[in-house]
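Listed next: structures, encoded as structure tokens.
Two complexes, one shared chain (subunit A), two partners (subunit B, subunit C).
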Partner chain A sequence: MPLTSQPIDTSIYATITAAIRSEASRLFTAAEVVAIIGYAAARRVGSAQPVIITDAAAAETLIFTEACVNNLAVYLTKAKKEIPKKGKIGIIVKGCDLKALVGLMGESQLKREDLYLIGIPCAGVLASAVQPATTLTTETIASKCCECDVHLPLGCDFVPSVTLPPGPQMESRYSEEIARLEALTPAERWAYWKEQFAKCIKCYACRQICPFCFCEQCLCDRNKPQMVETTPRPAGNTAWHIVRAMHLAGRCAGCAECERVCPMDIPLNLLNRKMAKELKELYDYEAGFEINDKGPLTMFTEKDDQSFIK
Partner chain B sequence: MQKYITQQNLNTLIDTLIASGTRVVAPRMSAGIPLYEPLDSSVEMVTDQLPRRSAKEAFFPVCEEIMSYEKEGQQIKLTDIDPARFPETVLVGVRPCDAAAIPVLDAVFSWDYKDEFFLERRRKTTVIGLACTTADDACFCTAVGLSPAETRGSDLFLTPLNGGGFACQSYSEKGEALISNNSALFSEPNNAAPLPLAAPQADKIDLKKVKSWLDGHFEDPLWDGIAVRCVGCGACAFVCPACHCFDIVDEGTEKAGKRRKSWDACGFWKFTHHASGHNPRDLQPKRYRNRIMHKFKYYDDKFGQTLCTGCGRCVRVCPVGIDIAAIVEEISKK
Partner chain C sequence: MSRIGVFICHCGENISRTVDVERVAEEVGRLPGVAFSTDYKYMCSDPGQTLVKKAIQEQKLSHVVVAACSPRMHEKTFRKAVEAAGLNPFLCEMANIREHCSWVHENREEATVKAIDIVGMMVERVKKNRILPTITVPVTKRALVIGGGIAGIQAALDIADCGHEVILVEREPSIGGHMAQLSETFPTLDCSQCIMTPKMVDVANHPKIKLYTYSEIELVEGYIGNFQVTIKKKARSVDEDKCTGCGVCMTKCPQKKIPNKFDQNIGMRTAIYVPFPQAVPNTPVIDRDNCTWFKTGKCGVCQKVCGPGAIDFEQQDTLIVEAVGAIVVSTGFDLYTIAEKPKGSPIKGYGEFGHGKIPDVIDGMTFERLASASGPTGGKILRPSDGKEPKQIVFIQCVGSRAREKGISYCSKVCCMYTAKHTMLYHHKVHDGQAYVFFMDARTPGKSYDEFWRRSIEEEEAVYIRGMVSRLYQKGDKIVVMGSDISVGVQVEIEADMVVLATAIQPQKGADALAQKLGISYDKYHFYSEAHAKLRPVECATAGIYLAGACQGPKDIPETVSQASAAAAKVMTLFSRDQMEREPIVARVREAGCVGCFACKKVCAYGAVEEKEIRDRQGNLIKIVAYVNPGVCAGCGTCQATCPSKSVELDGYTDEQIIAMIEAL
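Here is the complex of A and B:
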């Protein structure tokens, strides 16, 4: 935690809101899209929730604020069943969300030409939407935003023209916490994760919110035969979290939605970041930057490390 | 019976009970979050935050073994769990929204099938409720006809007083027994004013009107509008004090294993997935509709009660900001 909490300037969000409303309205009027996935205000003061609009009149409900925490890319994969299928879909994306879309295109789940990307120059969002009426500061900001390298998403169809004000210096919370865990003995590390996984209630919010968890049937839901214990007990919980982390290695680009939505505050993104770190060290690979990039775990090259074959 | 107890004496009561072998469950910090868990000592109790999960797990655990099996050759040995072995329990510091859900659950667990796992724990548990002094804008107990001073479900109810300690009112024989068995720790009521209670901003909703709308709108565009954003996790149901659906699975090997019961949720696609492959609730809006229908119509049809106490937990944890209070309010205005 920083010694003093510093405010983060989000004054550009009002301009961004106005720009996405007029762009959305234009898109519907020109019949360029059939739906736009964005954010709208909800009952609680300061709150925002995902919304799928299908006409120009609803464009006025779109907003962008520090409470727009969701990665809307999730609506383009498994939840897509309820979303119109014919025609182009507009989607509002922060830089971190765009990384997920890039990954999904690389995995042939989405086609660029089916999407109209409305990019958001983003100064950061709240760590949690539990208390939405919270000012964005170096303390309340999401940990992923502290290490953000994509404040300005590239390659979108439309980006509101605003200038991002310079933000304060922030500590790298994930890197620091991973370094702390790496310095522990295996027994201490195991004790840490055992305590964290003991809280898991198998609500699968982490799986359901993840744009990359798009398996039609999750291995962990299978019961003929049962592959992983489904009950929320230490064995099945640990198995689930290991399966999840391994399946996301080289794919997860760090939107941290799993961690944000965990009602039991399990620091899930630490696992994802650790996997990403391994991938960087072993294969010099980072997910989410190049469309059509095959991740290192989905292909073999002769340059791959083979020292493990004995 | 009305009494007064100091904070120190409440702690002594908790420690005495623990020392005598009674399981004392109260909110305490567990790996960074407040949960209702068995205490090792009264100093662990934290009452300034709403626990992340409700108190229902004192009666209806996240997961429990209901039977075990062993197979040797042609011999199969089945071993039941004996509910008589469940410990005597005192549940302390229960929020009014959590305590009020307990009698609501009694109705379903003692309906056509008597669930001994729930009912035996219920018989052996004394509930000490605590008036609520903290609310946020997700809280809506007042909208569903309850309040931060609601005593329903409590055997003994504590109201924090100005100047320390608690006014203490018993509402059942269990509550009276707890006082009389520990009478030295209680004194006569004093005139101190209660601390200001929480004041949730939610206005009372006409639940009869909500139900009558639901009676006629199984099919309605409302469901698509709300639930198109639902991602189908079980967070809302699992943190809910009143949701009570569970799954039963056998886990183990051919030789030996256990039959376990664990929380389930109607938001999961698998919840109504038939063995045939057919799923009558094939899309998320149908699943979300069931959540609202069960809480505000079906449970009322069957038991004359509402399956929601306005704790606001589902509103806080929903990954996509679905707000049941806003939905029910919207329905009440239709």
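Here is the complex of A and C:
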């Protein structure tokens, strides 16, 4: 983190808000979509919450601000039953959210032709620990935004025409932390994660918020046979978090929602980023950029790393 | 409550030497759910099986565990015995206390404890075994034969004579393979083409054989009884239906100096050609790389002279899909090349033998073409360099073969015999010539083989020198052969006019690529692997695919023909029934849990996973889930391991069973 915090220009967010409102209104009037998933102002000053609107009158409630942190992709998978299936659905997507949609399309969960994508040129959003009405600076920005490589989402149906002002250079906080952990001995690293997982209360908020945890019945909820101990005890906690990290390897594109919603502040996205780093090194693969029928872990090529065979 | 019977086998002394079988039977007998346990000297013997059957009936057993050898050996035996006693065969499991225990341990106490654990795990697993009905799948009674050499021809004729349709695919423009190139054959010295061509004609005329020459296998899908094979028919540039085979095009073609591969590149052919006069089919093909029309857009002489108008420069490669039930692979061999060191090959090559630099150092197949009446010299033995008759000729055996340090450790099997034959052919054609043979030892097992070899020495005056050659070099118009005679312990130098190398037999180039398309295994030399070296020598481990000829390993003609007929017999066994029974160890989808991510479909190597729509009573689509076609599933379990929500289970290996086994430890 830089020593002095620098402000980040978010003046375009007002223009974006106006543009998505008029586009939403047009979409409903032209009957192109049956619902739009977006953000609206919440009760606290400056805060935002996800909203699903189904008519043109409600278009005026849509906003985009630095508080619009949620990844709305989750409403297309787990929460999809809440949305009428009668036609196309519009969705507001930041670059990071779009990566999740791309992944879900590759896993047969969504079809591109069923969606109307409203892309947001995004300068960054606030970290979850920060009060909603704070100004966006290099200090208050969410960790995921420090390493953002998709400020402008590509391949959307509509993107407000604004020019993104250049932002300050930021160091990836995750990379720094991964480097710190990688430098530890296995015993020290194990002690670190043991302490982190010991905090887990098995509320499964990380599972509920993750767009990729779309199973109707999670294997961790099964009892015949019981794969993972369900009570919040160290063994079961560790098993759960390892299952989660392994299932997200090659799929998670780093929206960091798991970490945001964790009431016990377990650095969950750190695990996900480490897995992503491994995948990048082993298979030169990064999730979320193109719709792949097969991810690196469901595919074999002769070039694959074989060094683990001893 | 289960009433499990546990039967511990001594396997003579194989198991009981290291494992206290009586103690295993006693301790396992106390496990919950075990109603009966005993041990016996040979459980697989008839009295042993009777013991199992009697116990099932007398003790009213619900499940059976046989603790003995690997299930690969006797699982079928015991499942049949259990079925005969009235239980579903899949309620019987084997615990392997031989390969996994007694054979690999020495300490009796520890091995006994391990054996108890192995049996205990199987007891827990068998408790959760379900009754599985046998799966039947229909059989397509058509066979595909890949490769039209003597192996493929024999297999195709045998299957077709039995009344089944055969698709015969050959890569070259004509069938015949290497046997058609040979001059005479050992041990009888009858003309190879004279015995070969009638079979080739039979193939051409057989109503049940569909011949695709100049074609290659593009894609193989499906499984035993139900393969879909995509064949690429390369553009021949000649319409096979119109061509009468008159050959005018070939006589008029101005490109006459193209080395003919069939004549080992010492004879020449035209750009439009049949590889040899007896070719089947007798339809020429245009070699587009060397044809003036394809190179410059001018010429077209063949088209002008062709009466029926069969020449078609516009012809394209076509893809044909054929449905077959069985596949015979008979792609044959290739000779180890002496002309150059194979690129990227672990094989070292023979730089010291002149490696294609000395024109009169040739390989055995080239000598066959020189000796053949249909060859480029009309059957006269003449040197490639100056066309003179060689008066001193040296044959060197085991070039490539049996040379671990050079990269090949196997024996090519046929060289001893064909070199003996070469010395005889040489002696018959060059009466005042002298043949020398350098050899390690003569390997002549086979009917009338040793007599044949003796004849070459005793009657045909070949001089056999036991020892290897270290170097060949050109001296004037002679080749100096430096070798050793180890029987007398002296160095030998011979000034030869020509040297013939008996080079190693290797699989065809691209054998590995074809194996990958077929899903069959191969060894480090790329010879195809049989399912069992002794007891299943013509079957691949992949069901429904059979092997014939030298693609499996070096073979002579009689052996190749026998194996081809054996492969045909295996195909006919498969075709003798309309329905085929399959083991019901297949994956099943728990539809309630499936979210349709189709990770299983993406990893399935057999194409067994399909998409299935779930609809409510009004016909509204609820969701799309995975469905495993039990006829296609091979029971490998990859889908089970991949499914993120654990919604696929492999019967007999469910998560519940595996966890029960782990917990039993």
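By our rule, the second predicted complex is superposed on the first by the 306 of 310 C-alpha atoms of A that agree within 3 Å, B and C clash if a C-alpha of one lies under 4 Å from a C-alpha of the other, contacts with A are read in each partner's own complex, and residues count from 1 in each chain.
Heads up, the rule we're going with is that a contact is a pair of C-beta atoms (placed from the backbone, for glycine too) under 8 Å apart; a residue touches a chain by one contact, two chains touch by 3 or more.
Bear in mind the structure is a predicted one, so any value in this text is a computation, not a measurement.
After alignment on the shared subunit A, the placement of subunit B and subunit C results in a side-by-side fit free of clashes.
Contacts of A:K202 after superposition on the shared chain: subunit B is touched, whereas subunit C is not.
Using the contact criterion defined above for the overlaid structures, shared-chain residue A:Q49 touches subunit B, although it does not reach subunit C. In the superposed model, A:K294 makes contact with subunit C only, not with subunit B. Residue contacts after overlaying the shared chain place A:H247 against subunit C, while subunit B stays out of touching range. Taking subunit A as the reference chain, the count of touched residues is higher for B when subunit B and subunit C are set side by side.
Using the contact criterion defined above for the overlaid structures, shared-chain residue A:P225 touches subunit C, although it does not reach subunit B. When the two structures are aligned on the shared chain, A:T15 is found in touch with neither subunit B nor subunit C. Applying the stated contact rule after C-alpha superposition, one finds that A:T137 touches neither subunit B nor subunit C.
Angle at subunit A between subunit B and subunit C, computed from CA centres in the superposed arrangement: 120 degrees, to the nearest 10.
Once the two complexes are overlaid on the shared chain, A:N70 sits against subunit B while remaining clear of subunit C. Of all C-alpha pairs spanning subunit B and subunit C in the superposed arrangement, the closest lie 7 Å apart. Once both structures are placed on chain A, no subunit A residue is touched by subunit B and, in the other complex, by subunit C.
For subunit A in complex with subunit C, the touching residues are 107-109, 214-219, 222, 224-225, 227, 247, 293-294, 298-299. By the touch criterion given at the top, residues 30-33, 35, 52-53, 62-63, 136-138, 224, 227-229, 231-235, 237-239, 247, 249, 251, 260, 262-263, 265, 268, 270, 283-285, 315-317, 319-323, 325-326, 329 of subunit B touch subunit A in their complex. Taken together, the subunit C residues at the contact with subunit A in this complex read 592-593, 595-599, 602-603, 624, 642, 644-647, 655-656, 659-660.
Chain contact summary for the complex, subunit A toward subunit B: residues 42-45, 47-52, 70, 74-75, 79, 81-83, 129-131, 133, 195-196, 198-199, 201-205, 207-209, 221, 223, 226, 229-233, 236, 257, 260-261, 263-265.
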